[in-house]
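Chain IDs A, B and C follow the sequence of writing; residue 1 opens each chain.
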Amino acid sequence: MSDALLTASGVTKRFGGLLALNGLSFEVEAGQVFGVIGPNGAGKTTLFSCLVGAARPTAGEIRFLGDRIDGLPNWAVVARGVVRTHQIVRPFRQMTVRENVSVGAHFGTGGRRGAEAAWRVDSILEKTGLAGRAESLAGTLTIGESKRLEIARALATEPSVLCLDEVMGGLNPSEIQGAMTLIRSLRDSGLTILMIEHHVHAVVGLSDRILVLNFGEKIAEGNPGDVMSDPAVISAYLGDALEPAGVT
Amino acid sequence: MTKLLGVLVDSLLAGGLYATMAYGLAIIYGVMRIINLAHAGFLMLGAYATFFLFTRFHLDPFLSLVVVLPAFFLIGVALYLAIVRRLPRSGATPSMESLLLLFGLWLVLQNLAYAIWGGDTQSILTGYTMKSLSFGGVRVGVPLLLVFVASAASLVVLTLFLRRTYVGKAIRAVTANRDAALISGVNADRISATAFGLGTAFAAMAGSLMSTLYAFTPDFGRSFLLKAFCIIVLGGMESATGVALGAFVLALLENVFGAYTPIPTTFQDAISFSLLVVVLVLLPQGLPRLFARRSAHAR
Amino acid sequence: MIARPAPRNIRAAAAVIAALVLLLLAPRWLERGSLNDLWSIAFAIVLASAWNILGGFAGQISIGYSAFLGIGAYTTALLSLKGVGPYWTLPLGALLGAAFSYVVGLPTFRLRGPYFTIATIGVSEAVRVYAAGVSYTGGSSGLRMPPGTFDFDRDYAAMMVLAAAVVLLSLWIRSSALGKALFAIRQDIDAAEALGIHSTRVKLIAHAVSAAIVALAGGLFAINFQYISPGSVFDFRLSLSIVLMPIVGGIGTVAGPILGAIIFSYLQIKLLSTPALRDSYLFLYGGLLMLVMLFEPRGLVGAWQRFQGFVRLPMRGAVPRV
């Protein structure tokens, strides 16, 4: 057993007759940015759901710090320090931005209360550039702000592994620059980051390692340079996605 | 042996009635994803309509169906157009608004009945109410037999309607896969109105049939509503067969408990309520999972 | 910046305490009939606000709360008949109510939305059928409290204190971490779990708290009316009223259930005193419920907010739904 932080071995997920993930194995080391790419329907989001316990793998096992976490409910995985954001944002629309973020601070790994929680929430709002919208209802945010709120809420749970599901989808170029800066600073603060991203330049620029999925199977894994020149990857994924940069 | 046979026959006959009662709920749920709590109200009104026709015009309870069925179909359509249509459409799971709206409608219907007929217990006594026939030692009440025949006939007619006619096929299509059916040009409003009318008519018919078997008050229908839920959760609702099967299972359980255990009959209703909770809990996603199983799709 | 000290909460709490003081002094000025009406209103506020903790804050609509009221009432009646002082029975009733809420909640909280609601109807009906069929509830003839257990002044004061306590508790929950978890569950249970909220546990806690309060109210009900039967305390219509008051007033708010309770008990007092209308108050409830669902699912409080928004900020965004 290596010293990997997060290990997946033989993870399989079946929805009725549909095989969404097929015997997937990989390891993520502490402090890495681990990119997950693949065409639509490749099983990327399903993989994240299995990692955090929102879905239970049909077969295989997932270990975090050596302990099995597959089969645990979502909240229990979050309590251990693995959290995800949602591709389609799911803010609590009738709560303010500050309240949204404080839910994460109250419940996640820290279970912070009172002034301590308030202090953490404020620093996260600052870091994610939401301080100015703190008292707005979450339902009134723009898509860019909503994506940042997803990140802010997840950060408030004080995770050690942060799974970002297409946090750049739908953003304009300057917002994408901002998101990349944010992700780098999170990595520098010691977080391990898994990210699903269609925006190829962002993934290549940020990731230490990239996993490529197609129809639920791993077709390549390695450092960005090697993966991007892999013929299997080019034909399965990059062939149609490289044309206009950043298509989703 | 005769006892067992008796239990089976009773269950079969009661199952027919239960299926009629549950089918109205199932068809509305299937098409609109609405849990129609007003079902209990229509059940009760069906009984009172038959009672009214019987006492005022001396119309035989079974003949009264000729009036009750079309009348309640129209009432259902009208209620859909006037009220139910105004609600935001339910997604994959029924909305709380629709549940509570129809809950309100049930209360209104119930108290309408209190205002018209008062709270006294009513019953219908015909020449054949107390008659029974004997088949190889098993005695069967004539009304129960007639109720079964009427129920079975109505389910056969409904099945033919759903299989042979355009509207029927559209109802089945919407039930099986709503989005796909709506995209392919099925008129959602017309289908929903028809389904709501059919559901209402079936509820009233079940009520009419019950009025020949049981005494009733304006509060009549609540325990049967829960039984109907129990049945559609048990049997699924893609087909009349599934509903019939669920109905038979529930009737069998009730009769077996009644015949072979010392549980007093006052607790008989508790069987279906408890069963409902148990079955709901064993199918934690609730009814949609029955559909999901068919159309093996995840998200 | 530190968390908002919520001046709104402090002001509201001060208002509640002031109202409590006034109500406790009321017997000096008011006659018995009016005090009885106040008792009924406070009773309704307790039921509506307690239900709202689970049904409103967490959005788990249960139509089975008469079970908890009945448990509280029967605990008090049965123990009083054994010679225990009626007020000493209240904590046990609350405990039993909470315990039963756990038994009910553990399986049914796996269900979502309307399926949960249907299951609660099943549970409450099963309880009612059971209570009517066993002998120790006195069956349909009911139970009478032992003589000497009636003291209106004491029961009045107890009910006022309970009502104020429930409203203060609601205010506290609304601003607490528990409250945020309940709101999160109401709005998106999966997203709530994805932030580490153990939704089943949170719902069980809210259910137990509200069940215990309703059981307490049930005990006071038994003391005040001196006679209970399955028909009076396990009645389905009672479960209905408990749900309807917060929904009409404004579900998920603190003020809504209070408003709904005041309107409903006032209507009920008026209707019950008119023999011709005695049986028809549910007609009114049903009609009100339909109107609310069709036109303003957030109840009277929602309508008021919409009116305010209309007056002050005509361009404000769409009103969020329940």
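As a working rule, a residue touches a chain if its C-beta (ideal position, glycine included) is under 8 Å from a C-beta of that chain, and two chains touch if they have at least 3 such contacts.
Keep in mind that this is a model prediction, so the values were computed, not measured.
Peer 1: Find the chain most remote from chain A, comparing centres computed as mean CA coordinates.
Peer 2: Computed centres place B farthest from chain A.
Peer 1: Measuring from the mean of all protein Cα atoms shown, which chain centre lies nearest?
Peer 2: Answer by centroid distance: C.
Peer 1: Which chain pair shares more contacting C-beta pairs: A-C, or B-C?
Peer 2: Ranking A-C and B-C by C-beta contacts puts B-C first.
Peer 1: Taking the mean of the C-alpha atoms as each chain's centre, how many Å separate chain A from chain B?
Peer 2: For chain A versus chain B, the centre distance works out to 48 Å.
Peer 1: Taking the mean of the C-alpha atoms as each chain's centre, how many Å separate chain A from chain C?
Peer 2: Measuring from centre to centre gives 42 Å for this pair.
Peer 1: Find the geometric centre of each of chain B and chain C from their Cα atoms only, then give the gap between the two centres in Å, rounded to an integer.
Peer 2: 32
Peer 1: Where on chain C is chain B touching in the complex?
Peer 2: So the residues of chain C touching chain B come out as 59, 61, 107-108, 110-115, 117-119, 121-123, 125-126, 129-130, 132-133, 236, 240, 247, 279-280, 282-283, 285-290, 293-294, 297, 321-322.
Peer 1: Touching residues of chain C toward chain A in the complex: what are they?
Peer 2: Where chain C meets chain A, its residues are 1-3, 177, 180-181, 183-184, 187-188, 190-199, 317, 320.
Peer 1: Quick one: which bits of chain A touch chain C in the complex? Just the residue numbers, please.
Peer 2: Chain A reaches chain C through residues 52, 54, 73-76, 78-79, 83-84, 86, 90-95, 99, 102-104, 106-109, 113-115, 117-119, 122, 137, 139-140, 153-154, 156-157.
Peer 1: Quick check on the complex: what are the chain B residues that touch chain C?
Peer 2: 35, 83, 86-88, 93-101, 103-112, 114-115, 119, 222-223, 226, 229-230, 264, 266-267, 269-270, 273-274, 276-278, 280-281, 284-287
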